[in-house]
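What follows is chain A paired twice: with chain B in the first complex and chain C in the second.
== the complex of A and B ==
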């Protein structure tokens, strides 16, 4: 058996290292290391609780709105207030813009360029993939960055700037939209939908959104969608059998996304891909294990937990803690959200593979992109200009609040405790902490560590594309992981 | 003699048209405040001088600077500058990985000794021997020092590299340290902000790669062209500050009328940056325009100057005429002495103009 170290990774948010044990030219076991730590949970303690709204988003420059939403939700729970309905819609729209930008960036800038690798030279699809998706040089990057820039103007209008927007408050959003701005928001959302229809799906959104079975997906990729980048991915995925790469069969968890007066746009819950069974989410069953994290031992319940680094700890190999739901790892992200929500195509693909895999993770991301793009246009139109965007939140000085939201990469939770108006404790569990979790005290590996097992290296060792596909299918965001 | 590779050669090879190139030069000249001859100067430099490689490294950070940068307002600026940086090395978007990527650093260091720019996003944490930011098996601080040795100059992107930013806020668990405290023998240009504005970043990198020297810097090492004025100086809500019209609560009637956010904790009067002139996301807006105060993210140590939302309870309703001075004085403890000076100056101006009114 040999051991390989993969890293430093490129096209990943933050630093990441992966250590692989190799047998018979395939991965026998994997350890995922998050090698950076800044100490947000330590920095937040003792500050005025509302300052969490400015500090917590700085955890990540890619999903800062998600962090804002979680901090605002935790404060809202603590205050016991509801948001102004317009504030809910505006926040959903802004959050959708960020999440869509993330999905788009992941697909085009981080994930697809690996198919342009020299390792694949000679494959029938390689030359086309190289021309379209190669990092920096591929034709797609220009179109995508342009569409993304335009999409993020939504953030400018609703939240002043992006990244690190400030407009999200416990009672709503600070920016009351006027008629001109509303017209702009609707136009931006519409332009983005058109971009997806023209470039990604080559069909009206209703077509990809209507796909219910893997067979329908195949027919779409040969027919209406054939010229789009989504179909290009599906064809490469079939050629490389990505449905049998990066398989993991953990419970799929979602906190529920884009809440509104009528409930969440995407439901909360836990889906078991082996039993094909859905169960309600009990967030009180979440614990954090630190047996292999460079952290001191302490309570495992997030609301009581402390985060104190201990870099000389024996057996530790990552700054990430190991979150567990009912004692088990859980996979989070678009595939979990759509599985929990009951999307037929995603459920069918999960059933066929008896777990998640590289293919279904990417498919779910793109289907979700289409779903949210369609909804976002409706949200922009739903803003009621003369109604309030923010209500005054009475400032309770003591208590606890939990904010659970869905970032692009999956479930994000903030657990906040306050005393005399100051933050007494703050604990964050980010999506990538779930997916890139190290082993726990029982030796159970996290989802990515499990998914890497069996990946064929085909003689390429640490440079094998298969390893890159598996890791990137989870869209790692390492600065969130250990924050 | 072997032909040198100019920046112009590179972008032409990548399919950027002559017309687009000219437009890029004039846009950049405008953003740098260089006037009509500036565009020709930039064009000439880019066509004749050897291309300056840029290496973009990441320490302890959140990548907000890169995110800000790659969605520059003008798509062409983005193309051109992205081509410029990515040709060599960039953690976030490059194709190369692992050892291959490390080799690019080594090669640039040797081939362009003393000629490349090192752009650094984030900072090195020094606690525990640098263990809190390990890059390729080594502490980031080592990689930073190693690449800085042969650089022409260093750009400190954002508040992290310039001042330390959020991870250096008390108690700074990792001992995150601004790069000028670690690198002493190279010119360093600070481009603070959390993140900096995209156009400011592209302006700075273009200036340096074009002219091969740093723009004029202030005493704190920031380029004057973008950091010589306070947010407050060019804020469109400024007349309401002077008139004593203030927002009292998010989205109240005053907020909808665009009144001043000073009482909501706005740090615009003590923050030097270009937000109120250049604005964000393609000039669409900036935080104050979305109804939220400035938190002062480009200032040194701003995280420990909070609270960000503390409301000034000792200010009551008062007449329109003299309140700016009162507010300035009442807020002095919160926002700092600069406001007192500023309020006094405002008062003097008002007195002068009043006298003029009387005499007219």
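== the complex of A and C ==
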């Protein structure tokens, strides 16, 4: 057995180090380390409650709207108020823009460049992948940054700026939109849709959105979608058998996304990929284990827990805690959201693989991108001019509130306790904390640690592209993980 | 790497990655094209470069050994010095070394050292009370000179750390600073007393604010989402905060005050320790934070005068979330 250390692991968000035990040229076991701790939960305690809206988003520059939304939701639960209906729609639209920008950035800037690596030279698809997806130099890179820039103009209108806006408040959003701005929002949504249709899917969105089975996906990739980047990925994935790489079979969890008056656009729940069974989410069954985290022991319930670093702790190897649902790890992200929501293609791919894998994680992300892009224009049109966007929230000074939202990378929860108007306790469980969880007290590994087991190295050791694909298929955000 | 290119190495310390996210918005043709146009070569950037693991370590080692010339070292995020000066709260993965150590080693090799964002400049949010990680900026701890590199640090071309403050900074602030360096047109005179580029900090966030008419008449918003001036009640620091935020669009057309929430002075050291961001601290009904260079008595006198002269239109619109009284007078404008 050989031990390899992989790091700095780049084209992820933040710092990540991976330790691999190698046997027979494959990964026998893995440990993932978050080597950065900034202390947000400690910084929040003792501050006026509403200051969470300024501090918490700054946990993460890539999903700051999600962090804002979770903080605002926790405060809203504590105050016991409802948002102005316009504020709900505006927040969903801004959140959609951030999540779409994240999926797009992940696919083109973080994930696809690995297929351009010299390691794959000589493969039939390599030269095309190199021209299109090579890091920084590939033809796609600047096209995508232009589309991303245009999409994020939604933030200029609804959120003032991005990242780190204070527009998302317990009672709604702070910027009432006028007719001209509404027209701009619709135009931006249409521009982004056109980009997806022209470049990513090479078909009207209805085509990828209508795919129900793996066979239909294959036909689409050979037919209408053939010239698009999504199909290029699917063909490479087939050649490299990415459906059998990075497999894990944990419960898939979603808090539900884009809530509105008529419920959530994507439902909440837990999907078991082994039994193909859906069950309701019970957020009260969430605990955080710190047996392998550089943290002092304490209560495991987020509403009671504290965060106290302890860097000399024996057996600890990460600043991340280990979240568990009903005592088990859970995988979160686009694949979990669409599985829980009942998307037929994603469900069928999970059934075929009896769990999640590199391929289905990426497919789910792009299908979700199409779904949200289609919905975004409708949300822009639903803004009711001259109706309020924000209501004044009466401030309860004491109590507890939980804010559960879906960031691009998965389920994000904020647990806030307040006393005399000040934050008494604040705990955050971010999506990547779930996926990149270290082992728990029973020695059970987190989803990524499980998914790395069996990855073939083909003589490349720590430099094997397979390891890069597995890790990046989860779209990790390490700055969120330990915050 | 093209010959004669201006080599940049970008690292992330105790950061949220937001400065990079902002940076990626820059350039109408895409940021990478913009870099190419300016002759800037990205030696390595953790979010966008191909090199990972051992390949990335080699890039860093060559710079440290002086084999690769480093024209600008860009660091995003606070330098976490804790616990007990070890820097263990932020190790550069795969290297076993603290970012504190890397920053010092690489800054010694750099023609210019650029702190990207308020964390790298002054410590930022990680340095907020109780500062659990002993966070510092590269050359400042909040407003006090020192920081991870020390007050006396000068880059090889003789400049202090160039502090592109902001949380997150406008992508233009970052790129224009880097462009000025690559074009060899930035001098010590172009930086203010805190090492920030004057081209954007010689303005106040207040300048060009779309709420200026409300400010002039002291017609104030009482709650968030109203159109009036945010200074009197809602904590707005724009009359005291450095930045040309309202003179250039964020994400196309936005700014904090246009977005309906108050400026929290994110370009200033100490913004992380503000309490009650959206409530204006007052003594005897008068805001404590007055415009920087205005004597209090004058401000009081002008405020009283302008409040007495506030047009009905401005007064009513100030507490509405959309225009309820448009600017139409009884007199017709002259043809």
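The rule is short, and it goes like this: the second predicted complex is superposed on the first by the 483 of 483 C-alpha atoms of A that agree within 3 Å, B and C clash if a C-alpha of one lies under 4 Å from a C-alpha of the other, contacts with A are read in each partner's own complex, and residues count from 1 in each chain.
In the analysis below, contacts are C-beta pairs under 8 Å (C-beta built on N, C-alpha and C of every residue); 3 or more make two chains touch, one makes a residue touch a chain.
Only a predicted model underlies this, so the values are computations on that prediction, with no experimental measurement involved.
Participant: Using the superposition on chain A, decide if chain B and chain C clash or fit.
Facilitator: On the shared chain A, the partners clash.
Participant: Please indicate which partner A:152 is in contact with in the superposed arrangement: first for chain B, second for chain C, both, or neither.
Facilitator: both
Participant: Should A:16 be classified as contacting the first partner (chain B), the second (chain C), both, or neither?
Facilitator: In the superposed model, A:16 contacts chain C only, not chain B.
Participant: Taking the superposition on A as described, I'd like to know which of chain B and chain C A:216 touches: first, second, both or neither.
Facilitator: In the superposed model, A:216 contacts neither chain B nor chain C.
Participant: So, A:300: does it touch chain B (first), chain C (second), both, or neither?
Facilitator: The answer is neither, since A:300 touches no partner chain.
Participant: Which partner chains sit in contact with A:143 here, chain B, chain C, both or neither? Use first/second/both/neither.
Facilitator: In the superposition, A:143 touches chain C alone.
Participant: Would you please give the residues of chain A that touch chain B in one complex and also touch chain C in the other complex?
Facilitator: Overlap of chain B and chain C footprints on chain A: residues 5-11, 13-15, 17, 35-40, 42-43, 47-48, 50-51, 53-55, 58-62, 64, 109, 113, 116, 134-137, 142, 145-146, 148-149, 152-153, 155-167, 169, 172-176, 309, 311, 319, 388-390, 392, 462-463, 468, 479.
Participant: Report the residues of chain A in contact with chain B in the complex, numbered from low to high.
Facilitator: 5-11, 13-15, 17, 35-40, 42-43, 47-48, 50-51, 53-55, 58-62, 64, 84, 109, 113, 116, 134-137, 142, 145-146, 148-149, 152-153, 155-167, 169, 171-176, 294, 309, 311, 319, 388-390, 392, 462-463, 468, 479
Participant: Going by the contact rule at the top, pick out the chain C residues touching chain A in the complex.
Facilitator: Going by the criterion above, the answer is residues 12, 14-22, 24-33, 42, 44, 46-57, 78, 80, 83, 88-95, 124-126, 128-133, 135, 167-168, 223-225, 249-262, 264, 266, 274-278, 321-323.
Participant: Residues of chain B touching chain A in their complex?
Facilitator: That would be residues 14, 58, 60-68, 70-73, 75, 78-79, 82-83, 86, 91-98, 100-102, 125, 128, 131-137, 165-167, 169-174, 176, 194-195, 249-251, 255-256, 275, 279-282, 284-292, 295, 297, 303, 306-310 of chain B.
Participant: For chain A, which residues are in contact with chain C within the complex?
Facilitator: Residue positions touching the partner: 5-11, 13-17, 33, 35-40, 42-43, 47-48, 50-51, 53-55, 58-62, 64, 105, 109-110, 113, 116-117, 134-137, 141-146, 148-149, 152-167, 169, 172-176, 178, 184, 309, 311, 319, 385-386, 388-390, 392, 462-463, 468, 477, 479.
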